[in-house]
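Written out below as C-alpha cells is the structure these notes cover.
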Amino acid sequence: MKLDATDLKILEILRKDARTSFTEIGNALGIADSTVHVRVEKMINNDVIKSFTINVNSEALGKVHSLLMLDVTPGHFEEVVPSLIDSENVEEIIELHGAYVAALKISANSLAEMRDEIVRIRKIPNVTRTEMITILKTWKST
Amino acid sequence: MKLDATDLKILEILRKDARTSFTEIGNALGIADSTVHVRVEKMINNDVIKSFTINVNSEALGKVHSLLMLDVTPGHFEEVVPSLIDSENVEEIIELHGAYVAALKISANSLAEMRDEIVRIRKIPNVTRTEMITILKTWKST
Amino acid sequence: MKLDATDLKILEILRKDARTSFTEIGNALGIADSTVHVRVEKMINNDVIKSFTINVNSEALGKVHSLLMLDVTPGHFEEVVPSLIDSENVEEIIELHGAYVAALKISANSLAEMRDEIVRIRKIPNVTRTEMITILKTWKST
Amino acid sequence: MKLDATDLKILEILRKDARTSFTEIGNALGIADSTVHVRVEKMINNDVIKSFTINVNSEALGKVHSLLMLDVTPGHFEEVVPSLIDSENVEEIIELHGAYVAALKISANSLAEMRDEIVRIRKIPNVTRTEMITILKTWKST
Amino acid sequence: MKLDATDLKILEILRKDARTSFTEIGNALGIADSTVHVRVEKMINNDVIKSFTINVNSEALGKVHSLLMLDVTPGHFEEVVPSLIDSENVEEIIELHGAYVAALKISANSLAEMRDEIVRIRKIPNVTRTEMITILKTWKST
Amino acid sequence: MKLDATDLKILEILRKDARTSFTEIGNALGIADSTVHVRVEKMINNDVIKSFTINVNSEALGKVHSLLMLDVTPGHFEEVVPSLIDSENVEEIIELHGAYVAALKISANSLAEMRDEIVRIRKIPNVTRTEMITILKTWKST
Amino acid sequence: MKLDATDLKILEILRKDARTSFTEIGNALGIADSTVHVRVEKMINNDVIKSFTINVNSEALGKVHSLLMLDVTPGHFEEVVPSLIDSENVEEIIELHGAYVAALKISANSLAEMRDEIVRIRKIPNVTRTEMITILKTWKST
Amino acid sequence: MKLDATDLKILEILRKDARTSFTEIGNALGIADSTVHVRVEKMINNDVIKSFTINVNSEALGKVHSLLMLDVTPGHFEEVVPSLIDSENVEEIIELHGAYVAALKISANSLAEMRDEIVRIRKIPNVTRTEMITILKTWKST
C-alpha cells in the first residue's frame, strides 16, 4: 500500500493519542470524518496500523528489562524466530547481522525469571551465543 | 501507585486492543464498567498508562532503522539525554552501563538522513563513542 | 525465610566479627541473648548463614589468583557446574550470561598449577571458550 | 610471616568452621590447645587471618549483585581505590591490568540502587570506562 | 539526474569493457549510436560516470595493501577527510559509523612505506584510534 | 611479467583516463605510439591490466553498500570464494586473516535486497560468522 | 637444577656476549676459569643454557614477521603444538589462555609466503580461530 | 648490506650453534676459514649479526613472563619507546598498529614485580591503554 501525505498525518495524530475521534482528526486536516474512517480502515487492512494499544510505563509494573544479543548457526535464524515470538517475555525482536544476528528486548518480573528466560532461549536449537545486558533505566519509548 | 491483579488484567486487554470499550472490559473481568473507568483514569493520572497509541508497521512507512550504541564521558550521561529525547529520529533510549552507556533506536527516511542524525548526535558535547548497527528487519514489537 | 530488621542487624555484626558472643549482640540490639541464639539457629537452618569462617589473606599464603571467564555450549552450563564446584582451586562461581556465561575465581600455589587447573577445566565436556585474567592484587574482599 | 604445615592445617579447619574450639583443633592435629591458641593469635597479629566472619547467602537477603569492570586514566588507579573501598556496596576489588584495570563485585538492594552506585563510581575522577555485568546466580563462594 | 533502464544497460556494458564503441552499444541495445553518445556525455556531465579507467592487477605491481580502520574525536571526521583524500597511498575511504568511523584501503610499495603512511595518518589532528589489517590477497575487485 | 618505469607511467595515464589515445601517451612519454600499443597489449595479455572500465558514482545509482566481515571454518575459505565471486552483489573480496578471514564490499538496490544477500551468504557451507557494517558515504574510490 | 648468584652472573655475561672466554668471566667474577667451565657445562647439561646462538637482525634479512593469535578446540592444544614447533616459519610459541590460547611469532620471506603459512596452520586439526597482526618494526629483541 | 646465499648459510649454522669454529663452517660450505672470518666480521659491522648470545631457559630461572599490549596517544609512540627499551624487564618490543600499537614481552622475578613494571609503564606519558596477558608456558623460542 502506497501512503500519501494525508495518511501520514493521520498516523501521526493517532500515534500521539489513539483516542482522538475521527471528527477531530477530520477537523484538524480539513477533510470529512468519513474520509478519515475509510483511510484508517484501509491502513488497518493493509497492516500499516498493526494495532491500537497503550504505552505502559513498565517501571511502574516493577518489571526488569534486558537487551539480549543473540547469535545462531549461520542460515538458521528464521527457524529460531517463532520460539522467540511466542514468548511473553520477548517484547521486541530486531534482526541486525552485526556482531550478533539479532537483538531482543526481554522483560521479566524478577532477575530470577529473567535468568530462566535466558536459559530457555539458550536451549532453542541453533542458538550459539547470547549476551545479556541489563537495562537500568528507560528514558524514552514510543 | 500499587497495582493489583485487576489493574494488570485491564492493562493486558488494552495493550492487545486499546479500542476495547470499558463495558467489554468490565464484562470480561466481571466488574462494573464504571470501575474500569475509574481504574483506567487513575492509571493515566499516575503515569502507569503513558499514552493511547497505535502500533505502526514502520516498514510500510519506508523508514530505515538502526540501533545506536552510545558512550559518553563518565558522569555526564544525564546532560546528554535531553538532546536525544528532543530528536524526532530517536524512538527509544535505554540506559545500560554495559560496554556502552546507552542504546538508542533511531529511525530515518533514508540512509542519508540516518547519517545526518548520527553526525548530529556525535556532535553533542561529552559523546565519546558511537556504534551504529543497521536494523534489517523487525520481527516483533509491542 | 523472611528476614526482619533484627535479623539483618545480627548478620551485620557477625559478618564483621563472627566471634561476637550472643550476649554482646543482645546488648547491642537491646534483646535477650536467648533471642539472638534462636534467630541465629534459624538462619543457619534456613541456609541464610551458610557457614562460620575466617577471612584469610591469601597473599600471605603465597597463592596466585585469576579470574577465569567461561563459555559453554548453550544450554549445558548446569552440567558443567558440578565439576567446577568440586575443585579445590575454584573459589567462586558466578553465572553472568554476558559475553561469557560465567566468571570463576581460581587460586593455585603457582602459575604452573594455575595452568594445570585451566587445562583441566578446558577439558570438561561442553566448555567452548575460556579467558584467564591474572589477579595482580586484591584490594578488598569480604 | 612464614607459615608452616601446621598453620595451614589450622587455617583449613577454621575456614570450614570458624567455631571449632582450639581443643578440637588440637586433638585433630595432635598438638596442645595452647599451641593452637598461640598460632592463631600470631596469624591474626600478622594479618594472615583478616577476620572471623560468616558466609551469608546473599540471595536470601534479596540482594542484586554485579561484576563491574573498571578502567581509569593510566597511572591513577591507586587514587581511585579509596573511594571504592569506602563504599558499602563494593564487596570486592581486584586489580587485573587486563582489558580493564580492575573488577569489582557490587551489591545493592535493587537494580535502581545498583544504577545509583554505578553512576556514583563513574563520577570518581580518573574513571574512564566501566562495564557492568549482572550476576544472575552465585554457585559457589568462600 | 534520474537514470532509466537504457542508461543502466549502457553503464553495464561500459563497466565490463570501457572500449566498446558507441556503435556496438547502439547495436546491442537497438538504438542509434548518436543516442548512446548523448546519454554517455550526459552521464559524464552529471558525474554518474566519474572516469574511464583501467582495472590494474595490483599484485602484479608488487604493492602491499591494507585495510585501515579509523576512529576520530566525535564530530571531527570531516576535518580529517581532506588529508586522507590527498594521499596517494589512500585508495578508498568509506564512512561507516560502526565500531570505527571509517575504513580506508591503503597501498604502499613495501611494509616500511605502509608503516610510514600509518604513522602519518595517526598524526592528523583528531585521529584517536587506528587498526591496520594487512590484505593478503585480493580475490575480486571492480 | 616484470614492469619497467615506462610501463608504470602508461598505467598511471590510463588509470586517470582510459580514453587517452596511444598517440597522446606516446607524446607524453617521448616514445612511438606503436611502442605504447605493444606494451599495452602485453600488459593485457599478462593480466596486469585486468580490464578497461568506468568508475561509476554508485550513489547516483541509488545503491546501498556495506562492508561484510566474514569468517569460515579454518581451512575452508577457498571453497567459499567461488560462490562469493559469482554474486553480482559482491563487488570486492579481500582476504585478511585478521579477526575475520575476509572483508567483502556488497552492493544492493535496497536494504531488503542487502538482507537477502547476507542471508544467502550465511547459507554457504562453512561460513561461521558474518558482521555487516553499513557504508554511509563513500569519500574516495579508485 | 638450583642456580646460585654466581651462575646468574655467568648467564648474564654470556647473554651479553657469548664469545667471552672462561678466563675473562673468571677474572670478572674472581673465580677460576675451570670453575666457570664446570658451571657452564652443568647448566648446558641441565638445559638451563639451551644453546649458544647469534642474535640476527631479521630486517636485514628482508623477512616479514607477524604475531599470530591462535585458538583451538578446548583441551586439544598440546596436540596442535608439534606441528607448530616443526615449522621453520614459527619462531616462537607462547601459551596464554587469554582471549586466545597461544601467540606465535611467524617469519616469512614475503607476504605471500606468510599467507601460505597461515593457511597451513589453519588446516591443522582442532585450530578454530586465528588472528594475524603484521609486525611493522622490531624495536628490541633479546 | 646485501646478503648472498653463503652469508645466509653461515648465519644458519651460527644460529644453531654459535660456537661452531670458522674452520668447521668453512669445511661445511667448502670455502676457506678466512673467508668465513671476513664475512662474519662484515655482518657484525653491518649490524646483521647483532650479538653472540645464549638461549637461556627462562623457566629454569623461575621468571614470570607476560605479553603486554600497549596503546598510546596517536602520533606519540616513538617518544614512549626509549623508556621501554631501557627497562631490564622489557625483553621485546614489536610495533603492530593493530588493535594495539605495540606488543611487549615482559619478564619479572614474581607477579608482584610484574605488577610494579606494568604500573611503571602505565605512568609513561602518552600511554593510554595496556592489556597484560600472562604467559603460562613457552613452547618454542629462538
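Order as written gives the chain letters A, B, C, D, E, F, G and H; numbering starts at 1 within each chain.
The rule we apply is simple: a contact is a pair of C-beta atoms (placed from the backbone, for glycine too) under 8 Å apart; a residue touches a chain by one contact, two chains touch by 3 or more.
Remember, predicted model here, so these are calculated numbers, not experimental data.
For A-D, the matching interface among the pairs G-H, E-G or E-H, defined by over half of the contact pairs being the same residue numbers, is E-G. Measuring from the averaged C-alpha position of chain A to that of chain B gives a distance of 9 Å. Averaged C-alpha coordinates give centres for chain B and chain G that are 58 Å from one another. Among the residues of chain B, those in touch with two or more other chains are 95, 97-99, 115, 118, 132-134, 136-137. Chain pairs that touch one another, listed by label: A-B, A-C, A-D, A-F, B-D, B-E, B-F, C-D, C-G, C-H, D-H, E-F, E-G, E-H, F-G, G-H. Against chain F, the residues of chain A that register as touching in their complex are 71, 74-75, 77, 95-99. Interface residues of chain A, counted against chain C in their complex, comprise 115, 118-119, 122-123, 127-133.
Taken in their complex, chain H has these residues touching chain G: 1, 3, 8, 11, 14-19, 46-57, 60-61, 65, 67, 81, 84-85, 90-99, 102-103, 133-142. On chain B, the positions that touch chain F within their shared complex are 64, 66, 111-112, 114-115, 118, 132, 134, 136-137.
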